[in-house]
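The structure is given below, and queries will be raised subsequently.
The first chain written gets the first letter, and so on, giving A, B, C, D and E; residue counts start at 1 in each chain.
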Amino acid sequence: MAAKSNILEVSDLKTHFFTEQGVVPAVDGVSFQIKRGGTLGVLGESGCGKSVTGFSILRLVRPPGEIVAGQIRYYGRDTVNGDDLAQIDATSEEMRQMRGSEIAMVFQEPMTSLDPLFTVGNQIMEAILYHQDVSKAEARKIAIEMLDKVRMPQPREMIKKYPHQLSGGMRQRVMIAMALSCRPKLLIADEPTTALDVTTEAQILELMRELQEELGMAIMFITHDLGVIAEMAEEVAVMYLGKVVEQSDIESLFTDPQHPYTKALMQSIPKVGQKADGRLETIRGMVPSPRNIPTGCPFHPRCASFLQGICDTELPQLKQSKPGHWVSCFLYEDGNAGHSSTPPPAPPQSIGEG
Amino acid sequence: MLRRFMVVLALLSLLLAGGFATGQDMYNEAPSLAEMVAAGELPPVDERLPDEPLVIEPVEEIGQYGGTWRAVDNNDSNGWTQMTINAEGFLKWNRDVNGFRPNIVTSWEWNDEATELTVNFRQGIKWSDGDPMTVDDYLFWWNDMVLDENVPVNAPFGTTVRGELMSVEKLDDYTLHFSFPYANPLFMEYKSRGAYHSSIHIVPEHYMRGFHPAYSDAEDATELVNRYNFGSRMHYPDRPTLSAWMTVDYVPSQRLVLDRNPFYWKVDTEGNQLPYIDRLDIEIPQGSATELVALKGIAGELDMQVRDVNLLDVPLVLENQEAGDYRVIMWSRGDYAWPWIIPMYDYPDEGILDLMYTKEFRQAMSHAINRDRINEITSLGLATARQFSLSAESPEFQTPEGQEFYQKWAASYASYDPELAGSLLDGIGVVDADGDGWRDRPDGSALELIVDIPAADTGSIDRMDLVKEDWEAVGLKTVLNIIAWEVVSARHLAGEIMIRAWGSAAAWGLVSAATVWTPIEGVTYSIGGARIGDYYNSGGERGVAPRPGSMLEQLQDAYTELISIVDPEERSAKLLEAYQIHIDEGPITIGTIGEHPSPVIVKNNFRNVQDFGLVAGWDLAFPGTADPEQFFIDQDG
Amino acid sequence: MARYILRRVIAVLPTLFLITIFGFLVMEAPAGDYVTSYIIRQYGHGNTEAARIEDEMRSLLALDRPVYERFVTWIARFAQGDFGDSFDLRDSVRNILSDRIGPTLTISLATFVISWSIGIPLGVYSATHQYSKADNFLTTVTFVGLGLPDFLLALAFLILGWQLTGEVLTGLQSPAFVNQPWSLAMLLDLLKHMLIPVLAVVITGTAWVMRVMRGNLLDQLGRNYIVTLRAKGVPERVIIWKHAVKNSLHPLIAALGQTLAWLINGFTITSIVLELPTIQTVYLNATLQQDVYLAGTILILIGFLVLIGTLLADIMLAWMDPRIRYE
Amino acid sequence: MVDEGRVVLKVQNLKKYYPITAGLLRRVVGHVKAVDDVTFSIPERTTLGLVGESGCGKTTAAHTIMRGLEPTGGKVVFHDRQLGAVDLATADKDTLYQVRRNMQMVFQDPNSSLNPRMTLLDLIGEPLLVYKQAKGQELVDRVAELLKHVGLRPEYMRRFPHAFSGGQRQRIGIARALALNPQFIVADEPTSALDVSIQAQTLNLLQDLQDEFSLSYLFIAHDLSVVEHISDFVAVMYVGKLVEHADTRRLYHNPKHPYTEALLSSIPRPDPTTSKRRVPITGELPDPANPPQGCYFHPRCPYAEALCTHEEPPLQEVEPGHYAACHFADKLSLRGVNDF
Amino acid sequence: MVATGDTLPDSLVGPDFDAAETAVISVRRLMWLRFKRNRLALIGSVVLVFMYLAAIFAGFIGPYGLRETHEKFPASPPLLPRFVDEEGNFSLRPFVYAMESKVDPATFKRVQTPNTEVKHYLHFFARGTPYTILGFIETDIHLFHVYEPAKVFLLGTDKQGRDLFSRIFYGAQVSLTVGLVGVSLSLIFGTLIGIAGGYFGGLFDDVSQRIIEVLISFPQIPLWLALAALIPPTWSSVQRFFAISIVLSLVNWGGLSRQVRGMVYALREEDYVIAARYASASDWRIITRHLLPNTLSHILVIATISIPAMILGETALSFLGLGIQPPMTSWGLLLNQAQHTRVLIQQPWLLTPALFVVASIISFNFLGDGLRDAADPFAN
C-alpha cells in the first residue's frame, strides 16, 4: 500500500457519558488513522462505541457525553500540523464550519434523519448555503447535480419532494447527496445501509464506492456487518466495549484474524453459498453492559482463549502483531501462549476459502 | 354662586330673545335646555310645565344645574333606578314616610261606603316627548291592557275586591271615577306605593298604541308588554316618560344613561324647573353589585349609592371617606328580620305539623336563638335583636300606643334562654327518647328540622348557620338545606319545605305586608306556607286549609274584616288586635335580628340628601321618596 | 384539499346538531324556567310583586309551550338567521352578540397573541437550556402559573391597581368615554382597562403555551434529523428556530382548534370579576337564568367555532406539514 | 413437490387484500394486494424460508396463515396432530382454538413481543393456563422445563423481561411458542434485531429444538445467508406474490427467477477478495397499491422483454419441486450464489 | 440438544446478568426508581402526603371545630402564639394573651386589646372540641389548644369568627377528595368505555367516540352549571359532595376515555397482544392481563394530571355558588367567601386558602410530571 498521508489521526480518544447511574465509558482510549481518500471500516456490535466515535470526531456528542481525553487530529485544512478537533469548542463557529464542509456524516436511519417539513432540495441547499458563498439559484443547481450524482432519477422533480414521499433508499441517497454537496474530505458513514433492504444496500454501497473514487474523499465506515465491511473498507478497526481490539488492512483481517473476538465473530455468521447442516459457532454470553465493564480484557468472560490470572486482571494494549496488523490481546504477547488454561483458539478459518 | 349667576343670565337672555311672549315667565330652566329653546328645538319652559307645577321644597338649599350622578344598579331590571325615578305615582309618600302627598293626582273624593271614588289629575303635565298626559293614558292601561285578554297584563292588587273588578269612568281629561263592588278603602294607598303601582299604570297611550295588536300591525303583545313591564320599560330610549330623567342609552348588562326630562313637571320653591342634575350614569354589574359598589365607592367613583352597600363593608367604606371625598349617611334598611324563619304549616308530615301548631315548640325554637351573637358576628352589632314584628316604621306603630305595642311584640320570645327553651320542649314531650343526643318527637320518632335557604342568600346562610348551632345546643337536630334559587318556588308550591329562612325584608302592615303576617296569598313568602295562603285566596278551591280555630285561621279572618273598615283609626286599632294573635300564640314566624342601618355613600359635593331613608322596601321607593330631582351636585366644590 | 375540507364539514355537522340538542336539554333540565329564575331574582332584590305576573310572563315568552315545540321553532328560525330574543336583556340575540363580540375579541385576541408570543420563546429557551437554573426557574413558574386560577389573579390585580392609581379599572372604559367618538385618550383608556384582564389571563395562558412548547421541543431536539442538521453545519439558532420549533408547533396548532372557541368562551369568571362586557358574562348569566335562546345561540356559536377551529387547525397543519398535505 | 402425507401446512392461493378508498363516501377504488395468490407447502420437520424485501408481504402472509388477519381468499390447510387436515382460512373459533395448540409464532422484536408487566412464569405459562394444561406447581414445573429447553435458568422465572438481554428475550419468546408442544412455528425475522454473536446462538437453538420436538418452521427473514443456513426450502416473495420456490440448494445455486438472482447478487460477502465484483440491480420495490403491469419485476429486470410488460407470468414448476414465476424461467441461465 | 440438565452452560447466561441491579425488580419498582430521580415530583408527593394526612387529621391539627364560632372575633386577624411577653421576658413555651374585642363606634372596626396580665400557655395534645377522624374515631385531643378566654388563630378567622387554620384542613377534606373521587369515577367510566371502544372497535366505538366528541366540544361551565343545578335539593352535604364529584367526572371522563382508547388502540397491535391471541387467550384475559396493566400507569398519569382541573373545577363551581354548600366547607368555598374587596384590602389573611389550592395543584402537577416520566420506565 502506497504511503498516503493521513486525513485524520485519532489517538487515545475517550468519550464518557456522565449519567445519573454512573459514568459510561462509551469510547475508552481509541486510536486509529484514516488515510486521505482511504476507507476505514469500524466494525463492532451494538454498544461497542463505534457510533460515539464517529460523533466525537464531528464533536456532536451532547451532554451528558463529553470527550475527556485524546486527540482528534484532522489534516484537511492544515496538512502539516493538522487541527486537533478535540480542542475546538464544539459550539464554536469554527467547528460548525468544519461540519458538513470538511467532514460530513451519513446516518443509519434515513427515514428519520431528514426534517419532514422541508423539501429535500431545501435541505440539501441548506447545507450548501451555509458553507459556500453561492446564490440560492446556484445552490439549487448544485443540489440537482448532487442528486444526479447519487443516481436519483429525475433530480429536478425530486428536489421538490418531501422526505415522506421517498423510499428509504431514496432518502439515503438524499442524505449522501447532502453530505457530499460541499465536497468534504472525510465522510463518516454510520451504518448507512443497516435499515435498507439487501438490494438497496447493494446499490448504496456501490454508489458510495463510485463517489469516493470520483470525489476522492476519505470514508470512515461504521458497521456491524462483516459482509458490508468486506465490501467497503480498506482498513478495519474492530471495536469491543469502547476499545479497538484489532486493526489491520482488510485482507489481513479476513484471512488472518487474530483477536479471539474477531475470530469468533467471523465464525458465528452463516456463510452464504456454503449451506451446511451443522450448527454455527457461537460466542458465549452477551455483551456486558457498558456501565459494568469487566476488569482486565473486557472480552475475557466470553473469550474461548481466556488466560486465567492475566486476561481478567490486566488490560491488554493494542500492539503490532505483524506488519500492518495490530491486536490487543495477551495471546500475542510474548510468553503467554503457555499459560492457556482453556483450550487454545481454534485455527483461524479463512473466509475466502469457499 | 357663579353658576347661579349664569342661570340668571341665561334666563335674562331668554327673556330678551323670546320677548315677553306670555308676559309671565315665572320659571327658570337648565342652561342646556335654554340653549335648545333658543335654537327653537324646544318650546319655552313655561309651555312645557303644567298649569300648576308641583313645587318641591329642597332639603337644604336651592340647587345648581349640572353634573352627572354615577351609581351602580344591580341588574338589568334596574330596580334601583326605578325606585329613584319612577316614584311618580298618583300620590307620593312623604319624605318621612308619614302619610302621602299629591303628585300626579291633586285631589280625590270617596263616598261614605268607600265604593265610589272621584280622582282629579294635575292638568298640563306632558310626557317627555311633549305629548300631554291625560286620564286616557290610565284608561288605555286599564281597558286595552288589563282588560284585553290578548295582552298578558293582570289586574293588580287593589283593583279587585273579593275577586270582582273595579270599573273606571272618564269624567273629563283630568278626572276619573272609580266604582268598586265592595268597600275598597285602601285603594288610594295602593296607588301611592313606590315604583310598581300607579307609577307604571299611567302609560303613554300615543306611544303604546303603536305596539298594541289591536291598533297596530304587531302580531302579539310582546313588544307592548316589554315597554310596559317593570324590568324592561327603561330599555327603550324612545319611550316617553313622566320621570325626571329619561333613558338615552342602554347597553345590556353594562350601562344605563339617563338625561334630564325637559318636560318634567316639578319646580323648586324659586321656580327652577327640576331636576337639577343633568345626567344619571348607571353601571350594571355582571357579577356582584356589592363588590363593585365597595370598590368604586371607596375610590370615590360613585356620587350617591343607596343600595348594595354591604353592611360588612361599612368599616372599609368609612375608612376611605376622606380619600374618596364622600360621606356615609346611615339610612335604615327598614327591615324586620334577617332572616325570618318561616315554619310551613302545609308540610306533609302530620307529626311535624303537630309541633308547628304547638306554640311552645315555636317559643322554644325562638328562645334557643342567641340573637346577640348573630348580630355581633354577621352585622357588626349594628342590628337589633328582635322578634318577627314587621317594620318599626309601619304607620300603625306611629302612635304612642302603636309604639308600645311594637316594643312588646318585638321583645316577645326574643330573649336568649336555652334553659327555658329546653324546659318548654320537655313540657310538650319533645325529649331525647332514644338517647342519641337529639330530641325526638313526642311519639318517640326522630325529629329533624330542615331549613331551606336559597344558595344566593348568603346573608341568611351565615346567620342560619349560627341558628343551627343554637338549636342543636338545645337538642334539636337541624339540617340546613341550601338550594338553588330556581328550585325554591317549585318546592314552595309543592309544599315540600318544612322551614324556610328568608333574607332581609321590609314590611309596613296592612297594605304593604299583609301576606307576611297573615296567610292570604299563594306566594312563596306567605306566612305559614304558600298553600295555606292559596287556600284563602282561592276561597278554599286550592291549597291547604289552616287547622280550624288555629292562629292562622284567626289571622285570615282578621284580615277579611280589616280591609273593608273605612275609618282609618278603627282600622289601625283592629290591626293591632290582629297582631296580638302573633303575641298570644307565640311567634308564628320567627324573627332574628333586624333594623339594620343601611349605609348610603354620598360624595361630599352631592347635596340635598336627607338624613332619613328606608332602603329595603320597594313600596317606599327610596331614594325616590326623598325627591332625587332636587338633589344637586355642587359645581364649585 | 377542498374535498378533504368538505368531508370534514359534513362529518362534523351531526356533532353540531347533537351539541345543539344537548345544549338545549341541559338548559331545560334544571327545575323551573326563566320566569321562575326571574321572579326569584326579583325577590332577592326585594321585589315581592314580581310573582304576580308569573303566568303572564310565561305565556308572553311562550315558555308555556312544550320543550320540543320551542326547540323546533327556535331551530327553524335559527336556520333562517334569526337567533331569537333574549328573555332577560329583551333584545335580539344578534344585537347582544354584535355589541359584545368586539370587546370579547379585543381582550381574548390580545391575551392570545401575548401569551403565545411570550410562551413560545420562553418555552424554546427553557427546552434549549434544559435543567439549567433558568429552565428550573421557568418550569417552576410555569407550574405556579398553571396552579393559579386567573380570576383570583384578576381580583388581586384589580385591588393592586386601585392602590397604585386610585382608579378602579373594571370594565373596558371609563364612564367619561362612554358613547364618545374614538380618540387617542379613549384608546389609552381602553388599554389601561385591558391591562388587568389581559395580564391575569396571560399568566396562565403563557404558562400553558410554555409548558407545551418546552415538552414538544425537547422531544424534537432528540430526533435524528436534528443531528443531521448539526452534522451538516447548520447554526444552532437556525436548527432550533427553523426546524425544531416548526416541527414542535404541531400540538400547539392542534390546540388552536380549541382556541378559537376559547376566544369567546375562556376566562368566564375573570370576565365577571372584572365586569368585562364580554360574551362570556352574558353566556354565564343566560345559563344561570335559563335564558335559553341567548345561551343556546352562544352554545351553538361555540360549537361552531370548535368545528371551524378544528378545521382551521387541520388546514394549518396540512399547510405546514407536507405529510398531511400529501395524504 | 412433497408427499401430501408428510406435509404439515399447505397454503393454497392465499390472498389478503386491503381496500383502497377514495372520495366522500369512501368508495373502494382498488385493493392493495398484500398477499396475492400465494401457494406453498411445508413438509414435517422442515423449514421453509420466506424471503423478500420489506413491504413484500412476508409478515402479512405469516399473520394471515395464523388467522390473525382474515384472509381474502385461498386455503391454509394445516395437518393437525389431533384434528387432521383443517382449513384455517375458514376454521371456526373452536377449531382455531384446537389448532393453535399446534401452531405458534415467534416474533421479530423481542422487546415488543413480551408483555413487560408479566414475569417469565406468567408469560410462558399463559398458553398452558389458557389451554388448562397446567396450573399451580405443575405450571411452575412446566415453565421451568421450558426455560431449560431454551437455555435459561428456571430460577429466573419470576423475573420480568426487561431484566434480560435481547437474545435472552428471544429465547423467552421461543419458550412461549414451545409451551404447548406445537408442530409448527412461524418465526418472523427472529434474529434480525439481534447482534451477530447472539444471532448464531438463536439460530442454533431453533435448529436444536426442531430436532428435539420434530418442529416445522415457516422462517421469515430478509437476511439471505441466515435463510440459507436454516431452511430446507425457500420461497421468494415480490410485491405480494411468490416468484420462486424450491429447495434451498437449488434456489441458491440455480435460481430460476431474475429477482432471486438479483437478491443473491446483492448479499454482502464477508470476503474482501470477491465482494466488490457484483452488479446490483437498479430501481426499487414498486408501490403495492399501484404495481406495474405484467410481471411486477419487469421494470427492474435486466432480462425483461416485451411480453413481460403486459403479461403476468404464473408460478410454474420449472423443474420438479422448483417453481418460478417467470416467462423465461427455463430459457434464462441465471447465476447462483457462488457465481458472483 | 444444548442443555437439558440441571446445570446450564455458562455460555448461555450473560456474565453481566446477575450483576444487573434491575434483574429482579418489577416494572412498578423500576417506575419508582425512575420517579425517585425527579426531585420536584418527590417534593410534590411529600407535600401531597402531608396535605392528605392533614385532611384526615383535620380535627386534630386544628385547635377549633369546623363550625366553632368566636362571636367577638369575626374576621379577626391572626392571633399568634408568642414567646416574648410585654416585658421582654422569653418563654420557651408559647403563650397568648386574652383579647378584648370591641367595635369602635366611629369606624365600626373591631379593636382588640390584649390583657397582658395573664399569660395563657398553649397546651399541646390537649382536650378541646370533640371531633371524629375518618368518621369513626371519636376524640377531643388537639395538637395544640389554648383555654378560654384566650384564643389562638394562626391564620385569623373568617367573617363568622371561625378559625381559618382549622377550617382549611376541614376544607381540604372536601377539596382534596373531590378530585380523587371525581377522577376515580372518570377513570371507571373512561377506562371501561375507552378499553371497550379501543379493543373491540365497531359500532360501539363509533357511537362512544361521537358522544365523547360532543362532550369535549361542549363548554364546561354551562355543563357544570346545568348538572349542578340538577342535584336534588333535598340531598345532604355528603350526598351533595358526591354529586359534585360526579358532575366533575361527567364533564371529564370523555377526554380520559379518548386517551385510554388511543393507548389500547395502539397496544392491541403490539406483538405481545397478538402473541396472546395466538395462544387463544380470551378477550377478557387479553384486556385484564395485557392491556390494562400496560395502560394502567399511563391512566394513573392522566388521572393525576386531571386532579388539578377537578380542584379548580370545584373552586369555580363554589365560586358561582353551585358547588359545596355550608355547613360543609372546601377551599373553593373558603375562597369564595374571600372574594370581597374588604377581604383583599382589610382582611388579606382570608386569602390563605388560595395558597393551599395553588400548592396542591402545583404538587399534583409536579407529581403528574414525575409519574409521566416514570410511567415509561423503558424510555432512554
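In the analysis below, a contact is a pair of C-beta atoms (placed from the backbone, for glycine too) under 8 Å apart; a residue touches a chain by one contact, two chains touch by 3 or more.
From a predicted model like this one, the values you see are computed outputs, not experimental measurements.
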Any chain in contact with chain A as well as chain E: C, D
A-D compared against D-E, more contacting pairs: A-D
Innermost chain by mean C-alpha position: C
Distance from the mean Cα position of chain E to that of chain D, given in whole angstrom: 53
Distance between chain centroids, defined by C-alpha means - chain A, chain C (Å): 55
Centroid spacing, where centroids are CA-atom means, of chain A and chain B in whole angstrom: 93
Between chain E and chain C, distance of the C-alpha-averaged centres to the nearest whole Å: 27
In chain A, residues with contacts to at least two other chains: 282, 286
Interface hub residues of chain C, defined as touching at least two other chains: 30-31, 273
Residues of chain E whose C-beta touches two or more other chains: 9, 12-14, 17, 20, 229, 339, 341, 345
Chain D partner contacts - residues on chain E that touch it in the complex: 1-5, 8-9, 12-14, 17, 20, 22-27, 30, 270-272, 274-282, 285, 289-290, 293-294, 377-378
Touch list for chain B against partner chain E, complex: 288, 291, 294-295, 298, 310, 312-316, 318-319, 372-373, 376-378, 380-382, 452, 455-456, 458, 461-462, 465-466, 468-469, 479-484, 486-487, 491, 496
Residues on chain E engaged by chain B in the complex (per definition of touch): 67, 69, 71-72, 74-75, 103, 106-109, 159-161, 229, 233-234, 236, 321-322, 325-327, 339-342, 345-346
Partner chain E, residues of chain C touching it in the complex: 14-15, 18-19, 22-23, 26-27, 29-31, 139-140, 143-144, 146-149, 151-152, 155-156, 159, 261, 265, 268-269, 273, 283-284, 287-288, 295, 299, 302-303, 306-307
List of chain D residues in touch with chain A within their complex: 53-54, 165, 167-168, 195-201, 203-204, 207-208, 222-226, 228-230, 248-249, 252-253, 262-263, 265-276, 278, 280-282, 284-285, 336-338
